[in-house]
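Below, subunit A partners subunit B and then partners subunit C, in two separate complexes.
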Partner chain A sequence: MKRTSLIPSSAWVFLIWLILMTLLPFTLILAMSFLQRSDLGTIVFSLSFNNYEQLLDWVYLRVLLKTLWLALMATVSCLCIGFPVAYFLARVQGPMKSIGLILLFIPFWTNFILRIYGIVSLFGTNGLLNQTLLAFGLSKVSILYTRWGVYLGLVYNYLPFLVVPIYSSLEKLDPFLREAASDLGATRFQTFRKVIVPNIKEGVFIGSLFVFIPMLGEYVIPDLLGGAKEAFLGKVMVEQFFVLQDWPLGSAIATVLSVLLLGALWLQNRWSQKNQAQSEGLFHAI
Partner chain B sequence: MLLNLEAVTKSFGGFQLHPLTLSIEKGEFFSLLGPSGCGKTTVLRLIGGFEMPTSGKVILNGRDITQLPPHKRSVHTVFQRYALFPHLTVWENVAFPLHLKKLPSAEIAQRVEECLKLVEILDLQDRRTHQISGGQAQRTALARALVGKPDLLLLDEPLSALDPELRMKMREELKAICKKVGITFLLVTHDQEEALQLSDRIAVFKAGQCLQVGTPKTIYEDPAEPFVARFIGAVNEIPGEIQGEAAPETGEVGLVSPLGTFKLKKNGQPLPQSVSVILRPEKMRLLRSKSTTQENLMEGEIQDLTYLGSRTEYSVKIGPSVFKVFEQELERLKKRRLNVGDRVFLAWRSEDAIILAQNS
Partner chain C sequence: MRFRNPLVTFLFWYGIVMLYLPLFYLVFQAFLENPNDWRSGFTLKWLVKLFDSSALWVPLLNSVEIGVLSATLAVSLGTLGAVGLTRIAQFLPPLIQTLILLPILVPEVITGLSLLLFFLLCRFDLGFVTVVVAHASFSASFVYFIMVEQLKKLDPQMNEAAQDLGAKPTEVFWKITLPNIIPGLMGGWLLAFTLSFDDFLISFFTSGAGLTTLPLKIYSLMRIGVSPELNGLSLIMICISTCLVLMLISKEQSRKWVLKG
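Moving on to the complex of A and B:
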């Protein structure tokens, strides 16, 4: 009898990569989060929960809550802008659809830093917005280097990542459902509310979660657009590592963020498993 | 008349629906039959309100509904792929149109139950749509379309997704349900057998044009065009020229064709010069020898035969053409079985021939 390996040989490359690049650093971070920092900034090997206790301090809790709030606002804003866009793209046919999809994907192909500087040039102190305001005899507004700058950057950068899942769940919807609803007496609004929304809300929720969680750990956007004053979880974490040289505390923040992310993944997984169980029920019915 | 289409046309892409005038009576089971792309589904969508006609009028119960959107028409549809709402249970799917009408919940419950009983899926009412089979989904879709008591029920190839055995069963039920509920059914199908079995009347379509409207018997026995004859069953065709005047006592005329000269019975109307004579395979007989008969005879050789139990299908080569003959083996045991290569005579009666102009 031929010995069957548990892992196909082609998967080994990926597995080694995964272990070296993800699992190993992750384990190191996790381990480090239970260690201590000496006054000189070196790492002291004594196990404790001190770092996590420190995170319960109001200084950090405030940052966490502020970050959660800002990410939530940004996610909701992405939804408000992204949903109509996705809906339009899913409904429209012909050249408008291709143009719309290309426009949607252009940001994916543009350098991230470039996009951020795009925002700077638009909303900066001497940016296009302020120059326009001045031209109309109005006073300048400061958006950049405030929390609004971070908010704007988050919405702008994460919008496509939310439009795509909403668009795909709308595309997956049987187009005849709309006709069936209308045929059975539903107005356009009733069709939307009673047929479209219930069938895509899951996709929308998961899509939102996958925008929300990475927003929490965002470093570059708050760093470049938020200025020095605005504390943001991801930024605070990086500062622990590279400014304050407190690797153990930084690791603790990283661990908390990772746990949040894993929690979201688990939630999504459970959800899709539930759906799978439902479709397995189909075979029992037959 | 329940439904009148008055010179309805529709153009889109490269397709054109020729002016269509059609009337459907209340309680009738009416079918639109034709190959794919013939425009039958377009007609259905025009009636359902999913498409607007380019010109013409759609009149339902004496009211012009041409410009009304689907949700304002008393017309419900059973979609080809059912289009059940996946987020709702069977019961909720059927209740959907009643909820929209904001009926009292007691009435909704009663009417949904009635309909679920009618299509025999009451025991599945709490299932989700992905937990039921194709046949059950079909029944759910039917119940959902019937529950609102529309004036007209549209069925878009409703049985095409079912396996053959289930399809046969659903055909019978569909017909019974139509008569039971008294709602007018309008079926779109490309399956001629289905149309023949179910319909009170059939409209045959080809390339955006309605070629003939009639009862199944008329369509089969007296097709208006060779296309109709060919579409509604197997045919043998003999092209030829009419020769001479009808004999006064028999009403027979001569047909000169590449396969020989035959007698045809004239049915009153003047005949065109060039004709296509159509013979149904079951209206022809196989003879072993040239008997003294009044029937037309053609000599040929059996090229192929298929034994199907209730009948045997023969392919007989006569000159350059091959004729199909279906024979029921009535004279059991008496007749020695015919074999491939046997010389036979094909006999057909002049009155069984369908005589059509040769142009199409």
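Moving on to the complex of A and C:
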């Protein structure tokens, strides 16, 4: 039939584009991570794991641990601030639900750089906070250009990305579960702890991973809010490309981050399949 | 049923206020006589000055041109993919599904770096063209998913009827399929334009030295420090972004993607 012969050819344009513009560049990064840089800054074609071994060097390991700690704190803070927001959105009914979601998302479609600039104008040397402190006769505080600046930037920028997975896990929850729990005499807190939390914990964990891993690769936030002294994994990675001209080492860091992300994706798929199987099993039982 | 739990409601509004506070202060700052002092009184002179200078128009024009071109490219590619794959979308091997999802899932830093490496190794000159191509490379997948949904809604019998009446496959596409998916095309184009207009990181990596887009200009001014020019540009950028998002939300096809972030 003629119709079927048209279909794949049009799809191939898209697929070849993806292979060329997405898959090939990622493969280049992967390949680059196994090459070496000569002392002159040129790339030497000798395959080895040297770059990965170099990452286990104390210099980089310290950066890695510092980054992991900061990103972990930021993710936990996002969870604490984001959970009530998601809970409210999932429970509220009527127009308030869509208004709330839109309110949550408009700031996150304003430009990323502007969101960072917003933080600078509030917490910067002459920002609103310091102006207010001075007006009350107090001395200025310097939050920016320390690790706390990076922390603030991470929390502010990633909050909605964590609200969404929590929100959707809560939405999927059967409302009758809560009713059943309260009919059986559970208090609100017991319902929350024994019914809601166990049912959403996987979704929340995966959502946190998808916030935590990209945080590690963040470049602009530590660059603009962290000052020159603060070492951060993503910043170190980009500097390998632009400042130190060590593409192979930069590629090795990018590869590690990508592998972590693929791991999270795999975990998500496995869990969602398991959940599907469970609900199907339930279906058959009925 | 109304939701009543004052603590959760309070925490929700607290979160929302915290999200908006920096942005409101940015807008406020743009009207200040002295941007470093919020009691210095209001003025429009900085904005008037900005509208007369090339500091606004050159980057703005670049951003719009890049947005239009890359959105058009992304819509063409994504639609071609969706037209071909919609019917078999559920049976696609996981490898191809991952390939399509890859540009959406991978953090922008890594996409940007990998594209930079690719362009440099191919010895392309970094500039306008590479930015357009790079933007299209990640927004095409968004368009693809919007178009798949739009195409699924089409009645397959319409295509069959056209064929029974003697239309060739290309004719079916141009006369039946295309007019019916125009709302999706518009939603997808707008989403791709917004993604491109707002993008900083990928432009940063693939633009080389000469080209400035609006976000790149704001970034370079930010490195110098707070200035009236920077505040004015931020105000304009916030206004355009907000309009784009509101337009995206008003369109059924793209609303879902706004809420996915």
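The rule we apply is simple: the second predicted complex is superposed on the first by the 262 of 286 C-alpha atoms of A that agree within 3 Å, B and C clash if a C-alpha of one lies under 4 Å from a C-alpha of the other, contacts with A are read in each partner's own complex, and residues count from 1 in each chain.
Note that in this section a contact is a pair of C-beta atoms (placed from the backbone, for glycine too) under 8 Å apart; a residue touches a chain by one contact, two chains touch by 3 or more.
Note that the coordinates shown come from a computational prediction; the quantities given were computed from them, not determined experimentally.
Visitor: One more residue to check, A:L65. First (subunit B), second (subunit C), both or neither?
Guide: Once the two structures are laid over each other on A, A:L65 reaches no partner at all.
Visitor: Is A:V259 in contact with subunit B, with subunit C, with both, or with neither (first, second, both, neither)?
Guide: neither
Visitor: Once the structures are superposed on A, label A:I119 by its partner contacts, choosing first (subunit B), second (subunit C), both or neither.
Guide: A:I119 contacts subunit C only, not subunit B.
Visitor: Counting only touches as set out at the top, which of subunit B and subunit C does A:F176 meet: first, second, both, neither?
Guide: After superposition on chain A, A:F176 lies in contact with subunit B alone.
Visitor: Tell me the contact category for A:Q93 with respect to subunit B and subunit C: first, second, both or neither.
Guide: In the superposition, A:Q93 touches subunit C alone.
Visitor: Counting touched residues of subunit A, say whether subunit B or subunit C comes out ahead.
Guide: Partner touching more subunit A residues in the overlay: C.
Visitor: State whether A:L267 touches subunit B only (first), subunit C only (second), both chains, or neither.
Guide: Touch partners of A:L267: none, neither subunit B nor subunit C.
Visitor: Going by the contact rule set out above, which residues of subunit C touch subunit A in the complex?
Guide: 1-3, 5, 7-9, 11-12, 15-16, 18-23, 25-26, 29, 36-38, 77-78, 80-85, 87, 96, 98-100, 102-103, 105-107, 109-111, 113-118, 121, 133-134, 136-138, 140-141, 144, 163, 168-170, 172-173, 194, 198, 200-201, 215, 218-219, 222-223, 226, 230, 234, 237-238, 241-242, 244-246, 248-249, 258-261
Visitor: In their complex, what parts of subunit A are in touch with subunit B?
Guide: Those residues of subunit A that touch subunit B are 174, 176-177, 179-187, 190, 194-195, 198-199, 278-279, 281-282, 284-286.
Visitor: What residues on subunit B touch subunit A, complex-wise?
Guide: 48-50, 69-71, 75-77, 79, 81, 83-87, 96-97, 100-101, 127-128, 130-133, 136, 144-145, 148
Visitor: Can you list the subunit A residues touching subunit C in their complex?
Guide: Residues in contact with subunit C: 2-3, 6-15, 17-19, 21-26, 28-29, 32, 81-82, 84-85, 87-89, 91-93, 100-122, 124, 126, 128, 131, 156, 159-161, 164, 213-214, 217-220, 224, 234, 237-238, 241, 247, 250-251, 254, 257-258, 261, 265.
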